[in-house]
Amino acid sequence: MSSQRYTYLGPEGTFAEAALLRIPGAKDAELPPSQTVPAALEMVRRGTADGALVPLENSVEGAVTTTLDEFASGEPLHITAEVLLPVSFALMAAAGTELDDIRTVGTHPHAEAQCRKWLAARLPRAKHLLSASTADAARSIAAGEGRFDAAIAAPLAAERYGLTVLATDVGDNLTAVTRFVLVRRPGPVAPPTGADRTTVVAWIADDHPGALLELLTEFAVRGVNLSRIESRPTGERLGHYCFSIDCEGHIADARLGEALSALHRICDEVRFCGSYARADGQPPQIRRGTTDGAFAAAEAWLASVRG
Amino acid sequence: MSSQRYTYLGPEGTFAEAALLRIPGAKDAELPPSQTVPAALEMVRRGTADGALVPLENSVEGAVTTTLDEFASGEPLHITAEVLLPVSFALMAAAGTELDDIRTVGTHPHAEAQCRKWLAARLPRAKHLLSASTADAARSIAAGEGRFDAAIAAPLAAERYGLTVLATDVGDNLTAVTRFVLVRRPGPVAPPTGADRTTVVAWIADDHPGALLELLTEFAVRGVNLSRIESRPTGERLGHYCFSIDCEGHIADARLGEALSALHRICDEVRFCGSYARADGQPPQIRRGTTDGAFAAAEAWLASVRG
Amino acid sequence: MSSQRYTYLGPEGTFAEAALLRIPGAKDAELPPSQTVPAALEMVRRGTADGALVPLENSVEGAVTTTLDEFASGEPLHITAEVLLPVSFALMAAAGTELDDIRTVGTHPHAEAQCRKWLAARLPRAKHLLSASTADAARSIAAGEGRFDAAIAAPLAAERYGLTVLATDVGDNLTAVTRFVLVRRPGPVAPPTGADRTTVVAWIADDHPGALLELLTEFAVRGVNLSRIESRPTGERLGHYCFSIDCEGHIADARLGEALSALHRICDEVRFCGSYARADGQPPQIRRGTTDGAFAAAEAWLASVRG
Amino acid sequence: MSSQRYTYLGPEGTFAEAALLRIPGAKDAELPPSQTVPAALEMVRRGTADGALVPLENSVEGAVTTTLDEFASGEPLHITAEVLLPVSFALMAAAGTELDDIRTVGTHPHAEAQCRKWLAARLPRAKHLLSASTADAARSIAAGEGRFDAAIAAPLAAERYGLTVLATDVGDNLTAVTRFVLVRRPGPVAPPTGADRTTVVAWIADDHPGALLELLTEFAVRGVNLSRIESRPTGERLGHYCFSIDCEGHIADARLGEALSALHRICDEVRFCGSYARADGQPPQIRRGTTDGAFAAAEAWLASVRG
């Protein structure tokens, strides 16, 4: 059997790679990194990768808009799995470097923003320099490029680039977490697990005030809870949006199916981006009258009165 | 071919009989009157009549609660037609009676309430006496019972009982109209005409505040307009209601079917009381995304993404 | 100090009189009966009575539409108290009458409808005859008019007319209750008790589909629960309604005040019909953010940001 | 009179500077650039600048999350004006450079993403290199740093750095526009112009499903339209958001005041970020019953019935 090939937002040693390694089967797969989220998803679209692991949102930074915009344009893609990765920053350097030696710290701008307090307290005199990614700062040190004395990156980066970890958990928010998703070409949807999430993109038909309220009402009236909703510009003009939505449940659920059908009716377009097991395993609270059984009974009743 | 047999809220000469005569085929049918609405509907339930013509609501008096309560209890019945009858009251008496001779006027309490201004202006000294129905006052005069000098009743009553009409349109509200319905045992529903009405009774599941709002939302979100909604006590306790509802459209319409299915899911019980052509022939305004075509397209889309 | 004068829906011995006697101070007042609800309220409007005790709704029969319609037309009136009276029917006759002697039973049509099972079981051969009120049947027996052998009426009627009670609780629904209200000319509203009810009539501005939904939303969004809402025809045409509404709380409550103001903005007319203590003493459930304190804090905040 | 001092997202020659120059009085003011949005707003908070001009959203890229997050944290700030600036990219180089000479083009990543089609068509062999800002690429060329042959930046950058414009409107989306806002320390709000916008941040109280729907309903029920709503993480955990909202109207408007008061009641916190004239001058559509006059009439009515 041919092995799988998964790409991720690289380079090697990123949080994305760390997240990917949590996907069952990833350890036996080929794992070529991609430079950007669009590049990773393009590999999937072209079939040069079976899947791509990319970040979707972060509890501190919010949505990864590049990822959201990729789902909303180009060939459709499906999310088939999600990974919640605690954002555990480590300070790393070449072997032999001591904390006192550090004059420059390299890392990605987002990481720098999330480690400022620690840096101010422990390395008050170090200059913060920016790199294209956290892993790239680590790579640069390992390559002896002389740009940084130390890097802030995922612990995995120290492992990948042979660096020494000088301090762990240097982030200011120790509960920070990033949600990554595994993205594939559309195919049969895996059956419900009982604790699922579904992602869609919806383009509102008439761009009238109240359109978002209508959209939310279609979910609420059928007892479908949303765990995330974000507006993204369509590019046409200010105030013209599409919505990226995560809802609790599976496309096979009657309530969710009817809610998405309703969206399809009232929207210009709805794009299904996958139903997949929630990483936190939390089942939805199901409101009275919205179980599959209730829908089936109602449909049977309707058929009987229609005669 | 055996002829039809329709009963109505009698006695002969009532507005109900006048309304029944507007039903196609009624003139060739046997038309036994019933004394009360429950008695008329009981004939239908037992099969001793093919249909019953009973009042449902009046533009001045409101709902006919006896009729509503009959739909909500006992064996289910279906409305198959409706008639809108202008309430045109006539003053009638035995041949030879002049306006000046009239000392007593008999009629039904509702009719008396609706003709007070005319009576005060034209027969200021006449006593108003109550009868069991407008037609019964006419009948009594014809029978020479000596209870009333004149009766206020439907023009048809004069015809039926051989009385002379002394004045027409003696009602204070010349636009008053009563809506009658033809009721039959449940059977196949006639196909949509494009301007239909559907009647249901719904028993709310949890008697919580906001339950009515939820019920209305199920219709509104699917673009189904209600033309009448009335609460009726269930008899259990104050504040415990069921709802009698008329909505625009036909049970065969996708939007109405889905709305009633939703009611079936969130209510303790929903009773379908018929889909039938509107007497006024007014088609519904159909909101974007709620046509049968939109529902079919959404269902096809859902099937495709479910795979 | 001059004593009070309260009228009620008579004649003497009705359930309305029984309810009136529960009003504090009624026993020391003059209590002239009225023949009809409109007549009773007219006495209040003209000042020939200080108050009138009339039925508003019954757990079996529903709203008393005559009363609702009186509130919606004519000079405004205020409800200042409510009484919940269990509908306890008694069978009564002249002294010496035995159950076996009873060939005819007189009572009001509503009472007759509510005692049919008992009558069928215990007096299967007795004829049911109708009277203008339950008390009038009792009066007729006491007067020796010979119309009925027995009457079904409130126990108070036996007392008032010197009849013997042959059986109590002859109603088929032993939990039946009627809600009566004491009505006065508008005046200062009594302060909140913490368990209050407020009655209003609202005429919807545009008679469009969804108008009722909008009206309910104005209450719901401010956490005001409705305990009763009924549509009544305006008389203009079928489908044109005003709404009679009971809501939990007092006009002095911030949430209720804002909700009624909202109704005033979106309706053609809103008529305030009184805030008064609930007979059941049940306080409202107050949703987060809808206390008077929350409204005051929000207003203070708004004033501060408005500068 | 001392002159004003406004900072902006620099360096000199950015779109932000171009936008700032459209603010009345800016040409006579001192205009020190800031390196980042947080730095610019910090100058305002500390009083070293009277105002800061920063981007809030872009019709192609969406919200500027750094700006949104600054409004939601730290000392409150008020928006006092907005500028809509068409995003008109120009290709510029040192005098004497011809299109055919260009091997490398420097610009900001967002600008690069928005000019790819033009670059592919007209400079298919040029390498795209990234700079910290569009203006910085222009500056680098003027400084002779040798990093880029040409820069893509705002036309103003060519002026500021003495470069030659080789091509204008090189963006792929010619309708792209950025919305900038002028931010000041809180002070008295300028009176309504009739075409105003108000910005707030709201932290939902209970993080329950349906909380966003409730929040939107508070606006909708009072006829206040939203022109933008965006969720931003609070940093506490995934799925915990605050909302950045632009609504039509002015804090002095009765409907908007009541809506924001309602938000204050149901939210943990609401932060007012200013009412200011809309750059497009478009007045709101005012729904029946939501004018200041309607609110004043309702309040007067309420006061009268409260007595």
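A, B, C and D are the chain letters, set down in written order, and residue numbers restart from 1 in every chain.
One rule holds in what follows: contacts are C-beta pairs under 8 Å (C-beta built on N, C-alpha and C of every residue); 3 or more make two chains touch, one makes a residue touch a chain.
Computed from a predicted structure; not experimentally measured.
Asks: Following contacts chain by chain, what is the lowest number of steps it takes to reach chain C starting at chain A?
Replies: Minimum step count, chain A to chain C: 2.
Asks: Roughly how far is chain B from chain C, centre to centre by C-alpha average, rounded to an integer in Å?
Replies: Result: the chain centres lie 26 Å from each other.
Asks: What is the distance in Å between the mean C-alpha positions of chain C and chain D?
Replies: The mean C-alpha positions of chain C and chain D differ by 59 Å.
Asks: In chain A, what residues contact two or more other chains?
Replies: Correct list: 217.
Asks: Name the graph shape formed by the protein chains and their touching pairs; answer line, ring, star, complete or other.
Replies: Graph shape here is a ring: one loop, exactly two partners per chain.
Asks: Pairwise, which chains touch?
Replies: Per the contact definition above, the touching pairs are A-B, A-D, B-C, C-D.
Asks: Which bits of chain B are touching chain C when the two form their complex?
Replies: 57-62, 65, 84, 173, 175-177, 179, 209-210, 212-213, 216-217, 220, 225-233, 235-240, 248
Asks: Name, in rising order, each residue of chain B that touches chain A in their complex.
Replies: So the residues of chain B touching chain A come out as 187-189, 205-206, 217-218, 221-222, 251-252, 257-258, 260-262, 264-266, 270, 272, 288-290, 294-295, 297-299, 301-302, 305-307.
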